[in-house]
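Note that the chains take the letters A, B and C in the order they are written out, and that residue 1 is the start of every chain.
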């Protein structure tokens, strides 16, 4: 007893002293990482903000903004990023269907899971080049379609401006769906047994069970995946577009996206100030996503800290 | 997995299930198949029958792909990835321990802010960092690229490791401190060895990201000898547009390390990528 | 069950841990020497349990050093000192890692160009050891160029043993970006390759080029073909033409035409009739690929050039005196439409890249194609030589002064502003224009060097000879006289869209005009530069 109370007393004092010292100590630990992050992110964002107001070293106020906002190519790029966001629900639905299907499958599940996840680990340039070949007018896909008599379906997937963006998003979906499947499947598997008891007893069918039970149960994961993919569609599609459209933004401007616009403005059109403006816009747009992401994570972070 | 399934099974349902899965698996695997078989074909053969097995497989594609500059590119990729992943592991582990172990005001906010940085598109950072690199004549050096990669990988890494470190039982840590260890000692000798698995999965996730990264390497590595594999094979397509088997061979070489790592270390990949989302919710 | 620290260490202890204790021991050794035994507050320090640590240290010190140290076992440590000591040690470690990160950050690599700092007298040839770096392009359109370059370098360095020359062949997409990076850093190659016209002018305007006319005599430069018209600016010449790029020859398979009862077309209408006949038989007339954009610029030059009087017209439209929607600039779009409607092109022109499409000509699946000038003789040879192939300019659709003429441009080499040995660079360039080197160029690549002292009579093939001669009196290569961004954003894009049927000729011309107007606004220096160039 004496020992126990002494230990508690120790622990109390310990905790008090710990919080007194811990900020300073935490600084040492977090310091180096924070330094790198500050340099890479902090310096960049501040620098981009400043550059967007200058031209060749002189302060020009909102001139650059005006030029970029009235640029039809920039507006098209933003529109395309928006259109790509439409792929996110598709991804979520596909991933959900595949995840529950895998969950219900016992034989061969590992094989299917490995196969479905493989695209996610392939490098984007590789994926883009290979699909570039497959989607040629006389490429593999059309050869296949023609051979099974679906000639009318054989389009110029990459060369037709009206479907080029869709073709691009199909490649992105192909690659990203595996990630969602894995996420959701992992969560479903970790659900407790009782979840499905009631449904089994009631004899509920496949869809009813999963729509009404699984979907709410793993809603957090679904939302998380949705946000991650939304972030991808806005911030991480450069690689796909660059490789598949030879850096031009597709037939006409059909696959122009904001990242490509910024890249071209900075490195090909030699107008870094315009690129900076576009970057500011893109950053502000992603801020919205950032806040959403932050909110989601904050709950989970707070949760882990208060365990 | 001996969980009881939720649903009554029926043959029809099984048929649909397996059809769907087979179709999806087929779609997932076909491009890799085309790429791989294409690398052994001749140009004409590839254009005429992309789906077929190569008639008379030849390594010509691999030869011309390899002699182009592949060894250089592979070395550069390897150096950059190793450097970046190792640095990230160290810095993230230190920072995560700082977050996990020491409560201070605004800890959650700071961590949340750091983690949210994952969202920032790298292209926004591109121009100022490029100008920065030019001023320090660090363009086409591996160092700068490693530094930038570390910066980009840190938010997720810190987040993942903080989650894990927080889950280490207090009792072990308490006993260590009572027995007379500094926090660094504790970190070094108890926490690190216990974190073998998450550190490994984090390394794998970061490795995947860094190996596949294109945009930053494209911009910051201008000279041909310093390019990474991804940058190299991107230019491949335009240089060998007449020789698709060579392009496919190049692609295959670029993918092979990953696929092999994947086949052997699947659980690391999967565990690492799911770690962030399912814990704590 | 919780591990004691000692046990934990035994389980997880490593060599580094023991080394750690050496450091710790150093602190403690001081302590032992200056005992602060009575200042301990029991249980107050969260970090250290006094007695256990001492025992532990003793044990390890004994093992590590081999000889036991005399330490008073009862000595306690003051918490503040302990804290300080451990913080020092910990901060040492953390700082070390932080320093590593900082070192990465702050270390600047030594200057990339490895010049010695000796200053050369501008007039005299330097005698100290020096290195020149050449960044170039061209093997892609003139195969054999690399061999020639290496040979030239070898010969030059034999005559000037103190000079070392290195060269890097850039990719098409990488040529300009790598130069821009070098320009931003003000260090890099001494000799840089530039495509003609605007691609030379712009870097000159940006101040990255040391004009070649400062280093070579006017007499010498007068022999360089296209020097004044493309690389000239306000009396000086930016860069030195290297080889000629006839822009762009139409290669025609006489045999395929003959098999279908056709003869080589001499004007546009005849060409359209050929398209009618061949497309009815499902044969591609002209093979092209616009997915990567470049071909669009070529078509613009060879069709659009036919309706302007000279390059001055184009520059006028650029600066705004005239418009791209005016007839002399807009009519050619309708000709492009016509070629599309008469099915002259391959059906996959929108999804193929340029070089891939040209292959169809060699394979015999297309009757004609358009190639880069220096490459034309090679293509002709690959497709069967002079009996099968004719090389000609695009048939005329108008009767402007430039219609039916082969376009001509010279690819150039220039001296960078930051080069430490411009006079050596100029000397090398001059050396590459000596007779032996000119002949060697033709022998290696089959294309024409940009020097009127080159003896055309040595050319055997009739088609090649005709090609060279046509380029000597050729038309300006239009693409070189518009801003590069207009080219990419307006020309490439609209050619793709017109060929696909997505936009009409009028819309394409209007779009080009709109983009030009925007460019004048966003590139504040554009109008001034182009106006000065036109003079």
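Just so we're on the same page, a contact is a pair of C-beta atoms (placed from the backbone, for glycine too) under 8 Å apart; a residue touches a chain by one contact, two chains touch by 3 or more.
A quick note: this is a predicted structure, and the numbers were derived from the prediction, not measured.
J.: Among the chains in this structure, which pair is joined by the largest number of C-beta pairs in contact?
T.: Per chain pair, the contact count peaks at A-B.
J.: If you average the Cα atoms per chain, which one ends up farthest from chain A?
T.: C
J.: Distance between chain A and chain B based on Cα centroids, please, to the nearest Å.
T.: Using C-alpha averages as centres, the distance is 14 Å.
J.: For chain A and chain C, let me know how many angstrom lie between their CA-based centres, rounded off.
T.: 31
J.: How many angstrom lie between the CA centroids of chain B and chain C, rounded to a whole number?
T.: Once rounded, the distance between the two centres reads 29 Å.
J.: Where does chain C touch two or more other chains at once, residue-wise?
T.: 46, 90, 94, 97, 101, 105, 173, 177, 292, 353
J.: At which residue positions does chain B touch at least two other chains?
T.: Residues 91, 94, 131, 147, 150, 174, 177-178, 183, 238.
J.: Quick check: what residues of chain A touch more than one other chain, meaning two or more?
T.: 10, 14, 18, 25, 28-29, 32, 36, 39, 138-139, 246, 267 - these are the residues of chain A that touch more than one other chain.
J.: Could you list, by residue number, the parts of chain A that touch chain B in their complex?
T.: Of all residues in chain A, those touching chain B are 10-11, 14, 18-19, 22-23, 25-30, 32-34, 36-37, 39-41, 43-45, 47-48, 51, 97-98, 101-106, 108, 111-112, 114-119, 121-127, 129-134, 138-140, 143-144, 174, 178-179, 182-183, 186-187, 189-190, 193, 195-196, 199-200, 203-206, 209-210, 213-214, 220-221, 224-225, 231, 234-236, 238-239, 242-243, 246, 258-259, 262-263, 266-267, 272, 275-276, 279, 282-283, 286, 289-291, 293-294, 297-305, 307.
J.: Can you name the residues of chain C that touch chain A in the complex?
T.: Those residues of chain C that touch chain A are 43-44, 46, 83, 87, 90-91, 94, 97-98, 101-102, 105, 173, 176-177, 180, 291-293, 347-353, 484-485, 488-489, 492-494, 496-497, 500, 502-503, 518, 521-524.
J.: For the complex, give me every residue of chain B touching chain C.
T.: Per the touch definition, chain B meets chain C at residues 87, 90-91, 94, 131, 134-141, 143, 146-147, 150, 171-172, 174-185, 188-190, 193, 222-224, 235, 238-239, 241-242.
J.: Applying the document's contact rule, which stretches of chain B touch chain A when the two form their complex?
T.: 1, 3-8, 13, 17-18, 20-22, 24-25, 27-29, 31-32, 34-35, 38, 47, 49-51, 91-92, 94-95, 97-99, 101-105, 107-108, 110-132, 147-148, 150-152, 154-155, 158-159, 162-163, 166-167, 174, 177-178, 183, 208, 211-212, 214-215, 218-219, 230, 233-234, 236-238, 244, 247-248, 251, 254-255, 258-259, 262-263, 266, 269-270, 273-274, 277-281
J.: So in the complex, the part of chain A that touches chain C is made up of which residues?
T.: 6, 9-10, 13-14, 17-18, 21, 25, 28-29, 31-32, 35-36, 39, 55, 67, 70-71, 73, 135-139, 156-162, 246-248, 251-253, 264, 267-271, 274
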